[in-house]
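These notes concern the structure reproduced below.
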Amino acid sequence: MSLTRLLAVARKEVLQIIRDTRSLAIVVVMPVTLMLLFGYGVNLDLKELPVYVCDQDGSQQSQDLLKRFQSTKYFEIVRVVDNVPAIEHALDSGEAKMGIVIPWNFSQRLSQGGSVQVQAIVDATDDNTANVLMGYAQGVVQGYSTGIQVAWLQAHGLTLQPVPINVATRTWYNEDLESSAFIIPGVLALVMSVIGAFLTSLTIAREWERGSMEQLISTPVTAMEIMLGKLAPYFVLGMIDVAVCAVLAIAWFHVPFRGSYMTLAFSSALFLVTVLSLGFFISVVAKSQLAASQIALIITFLPAFLLSGFLFSIEQMPVVLQGITYLFPARYYVTLLKKIFLKGTPAAMLTADLLPLAGFTVVLALVATRSFHKRLE
Amino acid sequence: MFGRLKQMLIKELIQVVRDKRTRFILIGPPVIQMLVFGYAATFEIHNVSTVMVDMDHSQESRELISRFTSSPYFNVQAQLNDANQAHNLIDQGKTTLALEIDAGFAQKLRKGETAPLQVIVDATNSNTALIASSYVSQIALGYAQQAQQQRIYSIAPQLIDQIPSVQLEQRPWYNPDLRSRWFFVPGVIGSLTTLLVITLTSFAVVREREIGTLEQIMVTPIRPVEFIVGKTLPFFLIGLFDALLIGIVGTFWFQIPFRGHIPVLLTGLVLFLICMLGMALLISTVSATQQQAMVTAFFVIMPTITFSGFGFPIRAMPHWMQLASYAIPLRYFLVVLRGTYLKGVGFDILWPQMAAMAGIGLFGMTVAILRFHKALD
Amino acid sequence: MPEPANSVVIENLVKRFGDFVAVDHLNLAVGKGEVFGFLGPNGAGKSTTIRMLCGLIRPTSGRAQVAGFDVGRNPESVRQNIGYMSQKFSLYNDLKVIENLRLFAGLYSVPSAKLKDRIEWAIEMANLKGQENLITGTLPGGWKQRLALGCAVLHQPPILFLDEPTSGVDPISRREFWDLIQHMAEAGVTVFVTTHYMEEAEYCNRLALIFRGKMVALGTPGELKRDSMKGELLLIECDPLGTAVEALQSAPGVMDAAVFGNALHLVVQDAAAAEPRIKEFLHNHNVSISRIEKIRPTLEDVFVSLTTTRGPAQESKP
């Protein structure tokens, strides 16, 4: 193995990246863009959702209940109407996400004793939003109901604890329940996939398409030197991007980082080598840049996006799909990222994810090495 | 003129079908997106792995636990005696929820004091955590109310019927079973059309430029507008075809109801297609090679789908993102899609969206055609 | 090991792609310092042969030795000792001139002591002094070829393989390029070059004519013109040319008739005997003759005669 030859190839590759604006954009602009996009855009924290109210009672009690809704940050009472069809229309048109209907005999029933129902009509097109909304609404109503009961019981000479069971919830690792904390670490997997596989998939195919490959392999440079020389710059760039993204995540988005930087670097390096090998292999096999880049996107980026646990939780997928996720290295990398960032899990306890990832790394690297021959046919 | 148009149409369709890569784009992404968004992408939760720690060993604690074991949302994997064990399991990622019932639970309940229930949630997936804790609260409070009733019954049975209480009747509209699939799959029509039309159209136009046949065609008596229509018409038809295909799969395979009117959906689809074609033409005017078109298309499609409300509510995004989303045609088309599928609304409600798409489409096409004129001269 | 007398030895070399035989039992040897030309039409098997000699394609059967190394078994050693210019221009268009040079210097492991001198030499040779920082893709064709040549010889290889090095280059640049080649040959470099330009073939020490994978002639240009021609050549200027050519192709005793510029070349057994017969024949076809004489065959004539048969099914000329 000649270092001179390897470096000659690497230097050429770097020059080509610099000279090609779009490749440069991918390396420099894309990581930041993806971070910003997902950090801000993918947000499951809802607040100030528009609510229509139909208060058919208009009593002090119903007003009290409504005040409770208004005082939470989740709801914003936008309009008060006097009939239910108006609420239905508002839901249809999207002007309201929820409608509250308080029946005409609300205060009457309460003073007589017995239960009374308040309706929450929720736009469930987006089931996630609906779930969250209904949960909050339930909380408000229960709080109100309990308050009434306590007062009533006291008036009848009974003291009862208002809340028989106190549910104390501690959310571990992500105290503010910020969705960005859960999503942002996974963005690194996306960035690595684009740089590692997408960009790399172009390198060999491009040389074939342009004709420079023939000249290259007519020189004494070996297949291994070509492969390493081509992939080295992307490895360096990839690791730099990991650092940039990590800094953005921690300093800008305030994602907690409780683990060790070494472990982060090591896991990222493993994943990077995996996608680099995959990209290289695709480039050798696909022959044309267009085909190579499409295959790379479909095999690495899409699974990293949809099936790695980055966005959609794997445990909630159908079992068959859960099984399929084991086939993608991104799954292990995203799990590692979350554990390292949010849980601070030490390396020794990460073997269940590191070992399979390392396995992929080794296998794919071998496949890539064997796939490229200095032959014209 | 129609004769020439017909010729171009036929040629274009032949090229698309013959080229293996475009054939793949026609089939691959639709299948993948349908599978993923029909099955993998879900915000629902069920069988969240849970462990219970019972240090009270009373009838009440067992009763409470049984409510969790019988709930479809939770999968109680173990009942432990030691809280530390539970903590370790969460640390190791072997369980998502740990519920602790301390000793003295039943006693407190009987005395009318507040009994504590400790919940630890692994919030690395904050969405699951949020919804799961909301369900925990609901179950716990349900049990609490029952305990409360029993208490009152044992003290003052005559009051049982007179206690006021307010209940919330939850009425989820349009999607009563809260299926994520109903939210995503209609949206896939939009995301897929975006992907297909933009990539296929921009490739087709750029390929001619790359090969040089563009000049060849311009020398013929064809007029630029004819050329553009001829180039884009096939993809308009393909977009139409694929959208209908997904619609059919969505209705018959995924059983998503279609409550609206087909003409409304079609109008929206046509307007949306025009917007996408305009975008594709614009991309092709700034790309010299198919490779460049691919990268540019990727950078356009990603934010488009993210900001459009496809998977994540626009309302939860920062203000500036919400503003930006007004320029994205997909945003409006998604409203139309979900409106016709799930809400069953018509033009009277959806006209603002139609108008917006028409406006953007007209603007985009005009700019594209002007640029095209300049580029060809 | 002692330097072999012959730089390139080819024995029964065969290359098949499926059913198609691209190179059909080739046998030849090239001596040190020779400028050896491989002449033939497109698709004859020239590029395939060169690529086998460079170790880029594996032979189906047969052997070849380059610089003493077997191309099938030792391609890497072969590559250390050769320079290669492929048919398509294949330097990196997006790199600067100097960057391409440094790249190939690195790939050939040119020792750092010699690096600066060799690169300067290449720049001078390619006439690119002062243009080192130009992007290669912006150079005109002729200069690109010379640059490619420079990149191929930075490591001063004993053998040079050039595959159609002057295709698409203007005639003046072509001439200058061949000057360079001859310069190198004088310095002892063996040059194995393929071309389909007949006039360039004259610059070679020896030629092999290739047609459909087979070697149909081998020798110096002079030998080929003298000995390989089947028959003798008559030059005829007449009018109308088209009628004359058509008529003559089926005339008795005429082995071949073709248009060369403004005149006809006629291949006959015996020129002296044929002359009066042809005159009469043309006269009977209402063709007026302004000139008719025996000429010496050019390489093109030789080639055409070796590769075409008489009759309606004529091969198109290279």
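The first chain written gets the first letter, and so on, giving A, B and C; residue counts start at 1 in each chain.
In this section, contacts are C-beta pairs under 8 Å (C-beta built on N, C-alpha and C of every residue); 3 or more make two chains touch, one makes a residue touch a chain.
Keep in mind the model is a prediction, meaning the values are calculated, not measured.
The touch graph of the protein chains shown is a line. Of all chains, the one whose CA centroid is most distant from that of chain B is C. In this assembly, the C-alpha centroid of chain A lies 13 Å from the C-alpha centroid of chain B. Averaging C-alpha coordinates per chain places the centre of chain A 61 Å away from that of chain C.
Distance from the chain B centre to the chain C centre is 64 Å, each centre being the mean of its Cα atoms. For chain C, no residue reaches two or more other chains under the stated contact definition. Across the interface of their complex, chain C is touched by residues 2, 4-5, 7-9, 11-12, 15-16, 19-20, 210-222, 374-377 of chain A.
Every residue of chain A that touches chain B in the complex is listed here, in rising order: 22, 25-26, 30, 33-34, 37-38, 40-49, 65, 91-94, 109-132, 134-139, 141-142, 144-145, 148-149, 152-153, 156, 158-161, 163-175, 177-179, 181-182, 202, 289-291, 293-294, 297-298, 302, 306-307, 309, 311-313, 315-318, 321, 335, 338-339, 342-343, 345, 349.
Only residues 20-21, 24-25, 28, 32, 36, 39-49, 90-93, 96, 109, 112-131, 133-138, 140-141, 143-145, 147-148, 151-152, 155-156, 159, 161-176, 178-180, 182-183, 203, 290-292, 294-296, 298-299, 302-303, 306-307, 311-313, 315-318, 321, 335, 338-339, 342-343, 345, 349 of chain B touch chain A when the two sit together in their complex.
Residue ranges of chain C in contact with chain A, taken from their complex: 51, 54, 56-58, 75-76, 79-80, 82, 84-86, 88-95, 99, 102-109, 148.
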